[in-house]
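Look at the two complexes coming up: subunit A is in both, with subunit B in one and subunit C in the other.
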Partner chain A sequence: MIWTALTTIMVILGLFGLTETVYASMKSFGIIRRISTAGLEERYNLEKSYYLLSTIVWVILLSRIVASGVFWITNESLIPLIPGAMCQFGVNQAGAPYSWIDDGVKLFVVFAYGVWLSLDLINRRVKGGPLMLTLSKIFLILAPLLFLEAFLDVAFYVTVSPVVVPCCRTVFTASNPLPCPYCFVFHDAPMFLVVIVSYGLAICLVFWSLFIRHYSFKFKEIADVGMNAIRKLTLMALGFSVLGTIAVIPALFQVLGTTGFAP
Partner chain B sequence: MKYLVPAVFIIVAAVILGASGYLYYQYYGSPRCEACGMIITPEMQASIIMTDVDTGQRIWTCCPGCMLRSVAAHPNVHIEIYDDWYGTQVPPAVIEIRNSSVVSVDPETSHILLGAKIIKGCANNRFAINETSVQLLLENGYNPSNPIAIFKNPLPNGTPVLAVSAALPGLLQTGIQYVPPSNMFLGAMIGIGIIVLILSFVAWKKLIKPIPVKTTEGPIK
Partner chain C sequence: MIPKKTMLVLVLIVSVVIVSVLAFNYLRSQQTSLTLEESIAITHYNLNRKTNTLLGVNLTSEAVSSIVLTSGKMVKVQSGIAVASNTFTPSLTLAPNSTIYVPLGYSLDPEGADYTIYILTSKGTGIKGTLAYP
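The block that comes next holds the complex of A and B.
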């Protein structure tokens, strides 16, 4: 392991995610198992139990979203510590195979976690928590992803070592139509970071709105709050897509005008 | 709660714009190897001092391999490079290159250990001013007591040892390896952008339509 403040934070967040996911999964499973046969009093107790679960899941998911951001910062900070690494491609080679899988998983987690978070936000605003069972089930579906993501973080940062790695130009040669994605986004044209994140968030927000609409059809109690949320989310999606489009113009001009690494 | 959406949007936008700005600062604020793009460390700055004699500008380079690759863009250069084993204990070797050809190397016994030929990567290249240094670097990879040692790793087996004039033609051919993205890639980015913009607009227009309420009453006769 390469001990730095950031790798330590990532390992701690990973271990926290692992333990909390196991605890929350068991609690969630208990709610699903008991709710169908629960009487009025037990249902009240389950509701209380669900609010505890909801708070724990919020903490887990928010910590994982923070970890998703810190992940890229940590990898960027490891570049000078790994001989031969010029970009995050080199860092990933030093932490293979966990690093590569972790990279792929990290691209989708915000989308997946956002589904639960947006639905729970609506559930909290409606009396009686009509989505309690649905959210417990969705969490159980998310649990393997959460567990995998946290495990990959721990495995990656514990196994990464300062071994000599070949640079990304061995793969992304002049004949390759794609540039090295890490060099491209983090070094050559950072404006594309704004483009990619903005477009990614816009797509996520639209899909979360679709999920809310789907559940608003199923549970009429949440229709009003759901519509209000959809209005806000789609407006935000439009805002991010406009921001991404504004950013893509200087980003393209920069790439087309670049002749080499020399500033 | 009224200002939640604009507040979230502004915070997220500020974070991503800030991250992008920081990366720009890093890109333009710290020197990078002109040939491969690696960030120049203080050890690299101290080890290789390469100057374009036509412009008088310092050329940033990370290793002896990239040093000669940079000649593709700067045909007339004056180089002062420290031995990777002895470091600052001995004076630097001086290399003069004119019209992309080696004019002089002092001392003449200087060699480049081009480990990148075996395992690609600048970390496998070294510079030695004599045979003793060559052997020590081949055996140990680096000298732990050299304060300006750039790379601290062993060299791959079979690392070729070349005179500067012999190494130059091949590295010159490799040149500066910046690979600009293809037009297809840039076109795809624009295409994705248009799709996302349309998707968001349609979602904003269509999804906010009220959800129809099912009625249990039969049709009106």
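The block that comes next holds the complex of A and C.
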């Protein structure tokens, strides 16, 4: 392991995620198992139990979302510490195979976790918590992803070592039509980061609103709150996509600006 | 049915992705369509490894006529982006069968990378060289 403040934070967040996911999964499973046969009093107790679960899941998911952002910063900080690494491609080579899988998983975790968070926000605003069972089930579906993501973080940062690695210049040569995504986005055209993050969030917000729409049709109790949330989410999505479109102009200038080949 | 605003977001994203891909392809086609001077070559790279700078290059001509050099560019191979450029003021003239030193002063990635150096002429042609750093 390469001990730095950031790798330590990532390992701690990973271990926290692993333990809390196990605990929350058991609690969630308990609610699903008992709710169908519960009487009035037990249902009230289950509701209280669900609010505890909900709080724990919020902490887990938010910590994982923070870890998803810190992940890229940590990898960038490891480049000078790994001989031969010129960009995050080299860092991933040093932490293979966990690093490569982790990279792929990190690209859509915010989208997946956001589905649960947005539905839970609506559930909290409606009396009786009609989505309690649905959210417990969704959490059980998310749990393997949470577990995998946290495990990959721990495995990657514990196994990564300062070995000599071949970097992207072995793959992305002059004859390769594609650029190295890490060199392109993180080093030479960083404005594209703003574009990617803005559009990524816009796509997430759109999909979350579609999920809320689906459940608003299914559970009439949440229809009003759901429609209000959809309006807010789509407006935010529009805002992020406009921000991404504005950012794409300087980003394109970063790529094209100095490259005229006229005499 | 997808709501109007959602549709607008998706259309915006798709159109910007298309524009970005077209822009990158335009950049690549500009680099590949450049006519190269066959009789002139970059024969030496003057590097300062302490400051990670390409100070300049030597150009050697075997051509029969002189040529005017107007500007220089450095494209990072791994990203395909021109990371540095400069215009020679006044422009430099390379006499036939001679060598000239062209000052550049381009910063190089201290972690290392491959670069393609282009020296452009007043005729719209170029002299190309490759540099693997460090």
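FYI, the second predicted complex is superposed on the first by the 257 of 263 C-alpha atoms of A that agree within 3 Å, B and C clash if a C-alpha of one lies under 4 Å from a C-alpha of the other, contacts with A are read in each partner's own complex, and residues count from 1 in each chain.
Following the convention adopted for this analysis, a residue touches a chain if its C-beta (ideal position, glycine included) is under 8 Å from a C-beta of that chain, and two chains touch if they have at least 3 such contacts.
Computed from a predicted model, the values in this text were never measured in an experiment.
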Combined model on subunit A where subunit B meets subunit C, clash or fit: clash
Partner chain(s) touched by A:179 [first = subunit B, second = subunit C, both, neither]: both
Touching partner for A:51 - first (subunit B), second (subunit C), both, neither: neither
Per-residue touch tally on subunit A - higher for subunit B or for subunit C: B
Partner chain(s) touched by A:83 [first = subunit B, second = subunit C, both, neither]: first
First, second, both or neither for A:190, with subunit B first and subunit C second: first
Subunit B versus subunit C as contact partner of A:217, first or second or both or neither: first
Subunit B versus subunit C as contact partner of A:199, first or second or both or neither: both
Which superposed partner A:232 touches (first subunit B, second subunit C, both, neither): first
Subunit B region in steric overlap with subunit C, selected from 8-16, 62-70 or 152-160: 62-70
Those residues of subunit A which subunit B touches in one complex and subunit C touches in the other: 79-80, 86-87, 167, 169, 172-174, 177, 179-180, 183-184, 187-188, 192, 195, 199, 202-203, 206, 209-210, 230, 234-235, 237-238, 241-242, 244-245, 248, 252, 255-256, 258-263
Residue ranges of subunit A touching subunit B (in the complex, touch as defined): 79-80, 83-84, 86-87, 90, 162, 164-167, 169-170, 172-174, 176-180, 183-184, 186-188, 190-195, 197-199, 201-203, 205-206, 209-210, 213, 216-217, 220, 223, 226-227, 230-232, 234-245, 247-248, 252, 255-256, 258-263
Partner subunit A, residues of subunit B touching it in the complex: 4-5, 8-9, 12-13, 16-17, 19-21, 23-24, 26-28, 32-39, 41, 73, 119-124, 151-154, 176-182, 184-186, 189-190, 192-193, 196-197, 199-201, 203-204, 207-208, 210-211, 213
Parts of subunit C lying in touch with subunit A, wherever the complex brings them together: 2-3, 5-6, 8-10, 12-13, 16, 19-20, 23-24, 26-28, 30-31, 34, 70-71, 73, 75-85, 109, 111-114, 116, 118, 120-124, 126, 130, 132
Complex contacts: residues of subunit A adjacent to subunit C: 79-80, 85-87, 167-169, 172-174, 177, 179-180, 183-184, 187-189, 192, 195, 199, 202-203, 206, 209-210, 230, 234-235, 237-238, 241-242, 244-245, 248, 251-252, 254-256, 258-263
